[in-house]
Each structure stands twice: as C-alpha cells, then as structure tokens.
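Next, two complexes with subunit A in common: one pairs it with subunit B, the other with subunit C.
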Partner chain A sequence: MGFDFNSLLAFIIFGVTIGVVYGIVALGISLIYSGLDIVHFAHGEMYMFGAFFGLVLAHNVGVPYPVALIGAMILTAILGMLVERVFYRRLTRAGGGYTVAGMGMIICGFGMSVALVNAAYFFFGAEAEPFRANLDYIPRLTFPGDINVPESYVLTAIISVLLMAGLHYFLRHTKTGLAVRAVAHNKDIAYLMGINVPLMISLIFGLACGLAAAAGVLIGPMQSVQVEMGYLMLMKAFAAAVVGGFGSLPGAILGGIMVGIFENLGAAYISASHKDIYAFLLLILVLMFRPSGLFGVEAKVKA
Partner chain B sequence: MVFLSRIADLIDALASRHRLLPWLIAYVMLLPLPFIMSTFFNSYLIDLANRACLFILLAVGLNIVKGFCGQVTVGHIGLYAIGAVTSAVLSLEPGGFGGALGFGLPVWVSIPIAILVTAFAGLIVGLPSVRLEGAYLALATLGLGESVRIFIAVTPALGSSTGLMMIPAPSIGSFVFDSFTSYYYLVMTAALVGIYFSFSILRSATGRAFQAIREDTIAASVNGINVIKYKLLAFVLSAIYAGLAGALFAHMPPGYLHHNNFTVIEMVTLLLMVVLGGIGNVWGGVIGAIVVTIAYDQTKDLVVYFMDRPIVVQPLVFGLSMVLLVLFMPRGIGGWFEGVLRNRRFIKRSEEKLGGTARNSQS
Partner chain C sequence: MLEIKGVHAGYGNLKILRGIDMQVPSGGIVTLLGGNGTGKSTLLKAISGLIPLMEGEIIFDGVSVSKLKPHERMRLGLVQVTQAKEAYPAMTVEENLVLGAYTRKDREATKADLQKVYDFFPVLRERRKQLSGTLSGGEVQMLVIGRGLMASPKMLMLDEPSAALAPKVVLEIFANINRIAKSGVTVLVVEQNVRMALILAQYGYIIRDGVIMMKGEAKKLISDPAVKESFLGGSVSDTTKALRN
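Moving on to the complex of A and B:
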C-alpha cells in the first residue's frame, strides 16, 4: 500500500470530528473533576442515556433533530442530578479527592455504571438501533482531493463548537458561572461568600451530564445507538481528559481531538481490529511520562 | 456473636501451641467437603467451590495492593486474564484449533511461567503508581486491564472469538486432576496457602511498610521506607496471586477459556467481593469471595420480563449493591467482625486488670 496524502488527510479530518465528540464527554468529566474532585466512572452511561433519550424523542415522539438534541440534554441533566443527589452526595459531602472517600467514590461510580447499563436494558433493549435523522439542510462538505464529509460530521463540528463557546461564556461571563468556579476552587469559602454550594454541585453535574448527552445524540447518526456503548466512550473520554491535562477544560477538547486522530491513524496504518486499544495506549503513555497532560496544564492535586 | 468469639478463642489457643496448627486443622476439615457435597447435595456444588477458591485467591491478592497498600487498582482482572491465557497457550499442543498458539509444555512448567509473566505484568501495572495516585491510578489500571481483554479478544493466536479449547489438565504420575473433585484439592490447597501467605505478608516488615504507605505516603518515606520499591512489590505480590488463580482457572475442567471470562462484570464481581468483605481485611475478602460466588451462581440465570423483553438482572443487582455497600457499610463484613473481636479483646484485657468487674458493664 503506497502512501496516499489524500487518505491521510481524510483520516485526520474524520479523526478530528470524532475526537471533538470525545472532547465533549471529556469536558463533562473534567468539569466534574475540577468542581467536585471526583472522577465520575458512570459518565459513559450518561452519554448512552443521552443518545437513547434523543433517539426516543426523534423516532417515537417525532420532534426534529435539534429539538431532540436539546431535549436529550435536559433529560440527561435531570437524570445526572438525580443520581448525584441520591447516591453520590453522601460521599461528596465526606470530601472527594484522594481520601478513603475518594476510593469509595471510584468503586461507587464503577458500580453505578454497571447498574445504569443494566437498568437501560429494561427500557431500551439489547439491540443496536440506527439513529435516523433528517439532516438534508446541512451542506455536505467536500475537501480538496475528493474527501466527502457527511452531513452528520459537519453538524457535529458545528454543534460542538457552539457548545464549547456556550460553556465558556457561561463559566467566564455570567454570575452563576463565577459561582461555579468559586465552588470548584474552594467549597468552604464559597459557602462563606453566600453561594448555594449544594445547588452549584447539582448544576455542575447537570451541565456535565447534559454535555455527555449532546455527544451521544451527535454520535447517534454516525454509529448506531446501543446500551453497551458507554463504556468504550468513557475510556476514550478519560484518555482525552488525561492527554489534555485532567481538570482543564480547553485541554479536554484538544485531548479529544488528539485521541481521535491517533486512533484513526492507528486503525488506518497499524491494525484496524486493534482500534480500541490505541486510546488506552495513549492514556497509559501520557499517565506514565507526563501525568499533567501534554499541554503542560498544572494538574490539580489535592492531598 | 458469642459463637464467633468462642471460635476466635479456640483459634488463639491452637495458634499458641504452633502457629501452623489452626491451618492444618482447617485443611483437614476442608478435605471431605466434595464427598459431603456429592452425597448430600449435588456434585455441581464442587465446581462452585472450585470457583470460590479461585476467587478467594484473586480477592486476597487484590487486598494486598488495595487494602494493605492503599493503591486503587481496577485492572486486576486483566492480570488474571494474562495468567490464564499464558498458562493455557504454553501447555496447549502446537497447531491447535482455530490457529491458537501452542507450545506443548507440561502443565507444571506452564503454571510457574504464567505466574512469572503475570508478576512481570503486575510490575508494569504498578509502574504508574510511582507517579500517580487515587483516581489517576484507577484510570491507568483500568486502561491496562481492559486493553488486555480487548487484545485477547482480537488476536486469533490467543483464541479470539472461539476461545481456547482442550487445555490439558495437570497430573501427578498417572493421577490426572481432570474431575471437579480432584481439582478441588488443587485449588483448595492453593487458596489456603494463599490466605496463609497473605497473613504472613501482613505481619512481616513488608506488610507494615505497606500499611505505612497506605496511611501516609510522605510520613512513610520520611521514616526510611522506600515507597517506590514497596508499592511495586505490592503490585507484584498481588499479580502473583492473580497469575496463580488465572493459571489454575485455565486448566480447570472442562479446560476451556474465553475472553468473556474477563469482562467488566467479572471486575465488578471481584470488587464487590473485596468491598463486601471490607477493604484491607483478609478474612473479609475470603467471606466476600464465598458469598459473592454463591450469589453470582444463584442469580446468573435470573431473568425478569419487562415489556416482553427478557432481562438478566444480575449485573444490575451487583452494581447497585456495590453502590449501597460503599454508602452504608464502607468497612464491610470484615470491618464489622474486626470491631466485635477488638471490643471483646479489650473487655477481656480490662477484666484481667480489674478482676472481673468489667463484665457487668457489657451485655
């Protein structure tokens, strides 16, 4: 197989698009981590639930795709807040971070992840369902060298940028966003400043789960929607978050794009059947040699 | 409660004669178990007991790194997989079914090699622990463990989708460990020796170093403990347990191995054992392993029909019970039992000092 510049470009373009979706999930994980000092192991399931909510809204209720996207985000945000309020609050109150409660949180999230996957079987069944979305109004992009980018990929790129811009605006330029950042910085002092900390924690969880849901609905038309899909996404999002520097929001997106490109190039030039391992490989390499992430973001370490 | 204390007293009395005496008695008591099971119940229970023994080895091994040394690892099942597949591939005849590798080594050679390979893999899994803590370490180990399974699942030489078949059983002379009953003696001995060594480790200087690292890494290093060395040692020790359990699992009748045996569900089952038993408590881990193995077996065919869909409820139950255990019983069965024993010993010691008056204050 000779080296073909056009196909390399195509792999990179598709890698970036899928990577942005990893980045959005990683954004949620980073948000929860920087806000609550916990690593949410059940975040992949939020992504899966989001995809299914979107699917049900688009197919069974019959709303247009953008409405399904927003609806799924809201529903998943509510689900996430419920899970956090009912199960995690007891542990987060005991202090997250690397305490004994931190180990409990990891095990708890792990258990929650398995429980949510299997709860999803009750509602959505075990079959992989295709997500049919009418996307004719989106232009199909053609890059030089006859690289056709399907509508769903274009849409993903646009919506991802909008979501990131929205999150950035919310965190940097609104009063509630300031409160969220204060809670992330120090909960005790945030209390003293009159911030409703429990509410902000719910809000952080809701935002993160909403982002995961958006990723799920975006990836639906590219792949089919399936109950088991959360786990691999979680691993890749973790890889993305770690590569970009855990807890850093811009790093999460950059990390996601890197994971996407790395994975696509690996699948193209090394072995396609080992595709899912490359993200882990990147994760482990980065963790071993540069735990603070590739972009030199200072990792938030709490004793 | 009183019954438990009586047993503890008895064990203490026996151990004061010779420290191996309680273990020998336990071993002798466990010998006729397969015959009791097959006469009064059915012989399927023996298979269950074998699997319980393997999970005891795994849980006790996981406890070393997690409970003694306080390192969060969730990739333990990957080590188990490495041990199982290595031993299976080494002992299989060359040119096996479906392009599986085979080296045709005797089983008694393949098992130690598998343990060595797993110990080395444990060293690699442990390497991130030198630089990472808590959540980061969990991520790294999860990634490693899961990539092992995916690698097995997509590599035909390791029996990708069909699994490895006809894995030979170990034998001594003409006696072959190819039935549930004969294999029981192999795994039961291994489990008991494993538990014993786990206690030896806990009580040795190494075990104290592990605990010091768990309580406070910086304080431990200030006190002259080589933190890196002991962290890696904890990972290697637990990998040896996992490798032994995996190798024994591979050669267990019917000698069949599939990568579905190493999924996240197995990892959750293993974590549930350790959490139910109480993290850091050896006997807790053993009890957790037995209870969860039985529960796993009893619930694995449990199907609920919801909107005309058959749904296996077991993972849901296991996941939820793990969440609830962490929330409401963070120290597990072992922690509770330890509390009872400590109270009792405290009362006993006070009695000796005060001359029997302390008994009136407890009831």
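Moving on to the complex of A and C:
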C-alpha cells in the first residue's frame, strides 16, 4: 500500500481547523491565567454555554448564524463577568494564584464547573442536539488532490483568524488593551497608573468567556451540542495552552494548532478510537522535554 | 498641598504606621527618610490608596482623599512614581509612558506632554520603541519619573529614586527632580540616601518604627548631631579610610 500524500494533507488541514478552535479556548484560559494567575477550570462550561446560547438563538429565536455567534459571545461574556463578580472576586481580592486564596480559587473553579453543568442540564436537557446552520453562502474549498473542506470548517478558519486579529489589535493598539496588559503584568503598579483593576479583571473574564463561546458556536455545526462537551474541550485547550507556553497568547494559538494536527494524525495513522488520547500524549511529551512550553517566552518575562 | 493627620495603617492585623503627622507644602520638595522596614513604603501606599487607613485622615489639595480609590486620587493629581524596578519590562518605553496618562481624557494635551517628557529626558525619545526591560538602571528611573509626569501631577511622590544607582547617575536624577519641582510640581521624595535627599529637599521627616522620629528644615537636619550619628555615619573621607583598612 503506497503512502497517500493527499490524505495526509487533508488530515493536516482538518487538524489545523479544529486546532484553531482549541487555540481560541486556550487563548481565554491564557488570558485569565496571565491576568489572575489562576487556571479557570470552569472554562469548558463557558464554551458549552456559548454553544447552547448559539443553538437557542439560531434554532429557537431563528436569527442567522453570524448573529447567533455574536449573540452567544455577548451572552456568555456577561455570564462570565457575572460569575467572576459574584463568586471569584472575593478570592482574587485576597491574593493571586500563588497564595492560599489561589488554591481556593482552583477549587471554586471546579465547583463552578459542576454547578454550571447541572444548570445546563436543567435549562437545556440531556440530549445531544444537532446544530443545523445554514451556511450555503460560505464557499466549499477544494484543494488539489480532491480534498474537500466543508463550509463549517472554512467558516471556522475565517472567524478564528478574525477573532485573533481583533484580540491582537485590542491588546496592542488600544489604551484599554494596554491597561489589560498592565494588569496582567502587575496589579499593584496598574493601580498606581490609575487603572481600575477590578474592572479590567471583569473585562478579561468577559473577553475570555466570549472567546470560549465563539469556539462553542463554531464547533456546533461540526459536532453536536451537549452538556458534557465542556470537559474534554477544557482538557484539550489546557493541553494547547501548556504546549504553547502557559500565559503566552501566540503560544496558545500555535499550541492549539499543534494539538489539532497531532490528534488528527494520531487518529488517522494509529487508532481512531483513541482520538482523544493524542492531545495528552503531546502534552506529556512537551512537559517532559520542554516544561515551559514551546513558546513560553512571555511567561518568563513576567516572572 | 498634602496633609497627613494621625494616620495608622498596616496589613491585615499588623499595624505598621502608628500615628503619622506630616505636611507637604505646595511647590516645595519634602523628603521622608528612614531605613528598611521603618514604614516608608507603607506610608506611600496609604497615601496613594493601595492600603486602607485604620485611623486618621489624608487631605490633598483641600479634599479628604482617605476614602478614595487609587485611580480617583490619581485623577486629583496625587501621583506616585513607582520604584524603578516596577516599570513594565515587556512593554516599550512609549507604552509605559502612555500608560502613565491612563486616567487622562485630554488627548491633545497628553500628546503634548509626551513630547515634553521626551524633551525632558531625551534618552527616552531615542529608546521609545525599545522594551523597557532593556534599559539601564538610570534610564529606567527616568522612565518611571517620566511616566509619573505623564499623569499631569500636582504632586509627585518618588519611591527611592536613588536605589541601586551609581552616584553619578543619582546626581543626574536628583537634578531632574529639582527641575520638576521648579516647574511647579510639589515633590515628596522617600529616600534611604539621607545626605543627597537632605541636600535636595527644603524640609525633612525621619521615620522609624512607624512614627515620625524627627522633623525639620533640611539644612538643620543635615547638621544635626543625632542625624549625623544615626544616618550619615561620618564624613566621606572617614568612609574611604575605613574601606582601605
């Protein structure tokens, strides 16, 4: 049996597309980590809620897919800020991730994850729901060698790039973005710059959760939407963030893409039934040989 | 300009400042002196609002600021210059300066002030696209002072501007602080370098164990035997002799 170069290319293309989605969620995890020094363990649930918000908006309310995407991002951002304001703030005020309060924060995140899953069961039910989106206006891409990329994948790639470019612009070229970076580097000095630090932390949470929601709505048409979808996504996004270098935003994206490719190649050439293992295999390899992650430069500057 | 009345403050249950009274008159340079762990930094934090007061009151420009948050105090013109090590190393010089003007809404005046800061510290203009982590110690000190000026302060508080700098650079920095005061900004300098600070300032406070131990005109303090004994530690030639032996 000869080696089929075209199918390898196809696996890589699909790997990149799904990887970019992991990257978007990882971006949110990294944002929160650099802002608060905590790992937000309920982030997978934000992704799940985002997917459900998108589903409800698209199916029950009947708005077009792009509007559902933006709506879901806004709703989830509000949910995230609410959770931060009501539950996390007392703990984050008591100190960052390296204090006793930081430990409490991790447990609080797990608890929030369970609470949100149960809330989702209550509101959305236990069935997996297909996300039928009308994407006829998106062109199907055909690569040489008869590789067909479905509309939902093309859309995912386009929107992900737009989101990343938007986030990059916001962080690098706006005054508020500068303030967010200042808070991420050092909160005490940010206070002395006259920055309203708690407000910026809310904003970080809102942004991160909005990004997770976008990932949820993008994944929706590829897979189905169900309450338990958040857990696996959290783990893979976490792997992506670590592979890329925790706290580094470009690292999160590249880590996500690497996880996506690795996973698809593993599923294709080793065993498809163990698809979800490969992300963690990559994670373990990276932790063994390059614990700071592949692009963990910014994290070092911070310390 | 700034009046501190019977201030008690600290961290959690730990009280560091035990009844501080201090005045900084408009337009002058006042220095607060003391060694490590005497409460200098705590007092600065209390004035800028990073820690709450347990007792007492702080009045700035005729307004009680005791209950205001740090960014609100800053908008009134009460600006703290951070220690030099607290520039943002992963940001460029210009980003650091822009951040200093974060609370300001007057864009045109801010832009003009950025140019003024560059005129004041030409080396910062040369290095404006460089990450501030790549600057020398003296340059970073100029950067944090410039960052303070960007907030258009009525009063500037400096936290150990001479720390970890070569004597020649310290002279340059202190000359700049003098220029800033001449331009009409009230200055409070917190220092360990007692001799330099007393030459620069008109009035001095000496803090120890969270209380003001001594205060007076800088000229008098510098020749006061008690100050000489505990801080100045003999003349320069004595120190040189001691080093050679």
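Here, the second predicted complex is superposed on the first by the 294 of 303 C-alpha atoms of A that agree within 3 Å, B and C clash if a C-alpha of one lies under 4 Å from a C-alpha of the other, contacts with A are read in each partner's own complex, and residues count from 1 in each chain.
Rule of thumb we're sticking to: a contact is a pair of C-beta atoms (placed from the backbone, for glycine too) under 8 Å apart; a residue touches a chain by one contact, two chains touch by 3 or more.
Being a predicted model, the structure only gives us computed values, none of them experimental.
Student: Quick check on the superposition: with subunit A as the shared anchor, is it clash or fit for subunit B versus subunit C?
Tutor: fit
Student: Output check: A:186 vs subunit B and subunit C. Expected answer is one of first, second, both, neither. What do you get?
Tutor: So A:186 only meets subunit C here.
Student: Would you mind checking which one, subunit B or subunit C, touches more residues on subunit A?
Tutor: It is B that touches the greater number of subunit A residues.
Student: Rounded to a multiple of 10, tell me what angle the C-alpha centres of subunit B and subunit C make at the one for subunit A, in degrees.
Tutor: Superposed on A, the angle at subunit A reads 90 degrees.
Student: A:70 in the overlay: touching subunit B, subunit C, both, or neither? Say first, second, both or neither.
Tutor: neither
Student: Mind working out whether A:239 is in touch with subunit B, subunit C, both or neither, as first, second, both or neither?
Tutor: It touches subunit B, and subunit C stays clear.
Student: Does subunit B (first) or subunit C (second) touch A:9, or do both, or does neither?
Tutor: In the superposition, A:9 touches no partner, neither subunit B nor subunit C.
Student: Quick one: is A:125 in contact with subunit B, with subunit C, with both, or with neither? Answer first, second, both or neither.
Tutor: In the superposed model, A:125 contacts subunit B only, not subunit C.
Student: How far apart, in whole Å, are the nearest Cα atoms of subunit B and subunit C in the superposition?
Tutor: 18
Student: Identify the residues of subunit A that lie in both the subunit B contact region and the subunit C contact region.
Tutor: 301.
Student: Along subunit A, where are the residues that touch subunit B in the complex?
Tutor: Where subunit A meets subunit B, its residues are 33, 38-39, 41, 87, 90-91, 97-98, 100, 102-104, 106-108, 110-119, 121-122, 125-126, 231, 235, 238-239, 242, 246, 273-274, 276-277, 280-281, 283-284, 287-288, 291, 301.
Student: Which of the residues in subunit B end up touching subunit A in this complex?
Tutor: Spelled out, the residues of subunit B in touch with subunit A are 70, 72, 74, 127-128, 131-136, 138-140, 142-144, 146-147, 150-151, 154, 264-265, 267-268, 271-272, 275, 279, 306-307, 309, 311-313, 315-316, 318-323, 326-327, 330.
Student: Which residues of subunit A touch subunit C once you look at their complex with the stated criterion?
Tutor: Residues 175, 178-179, 181-182, 185-186, 188-189, 191-196, 298, 301-302 of subunit A touch subunit C in their complex.
Student: Note which residues of subunit C are touching subunit A in the complex, please.
Tutor: 48-50, 69-71, 74-75, 80, 82, 86, 88-91, 95, 98-100, 102-103, 133, 147, 151
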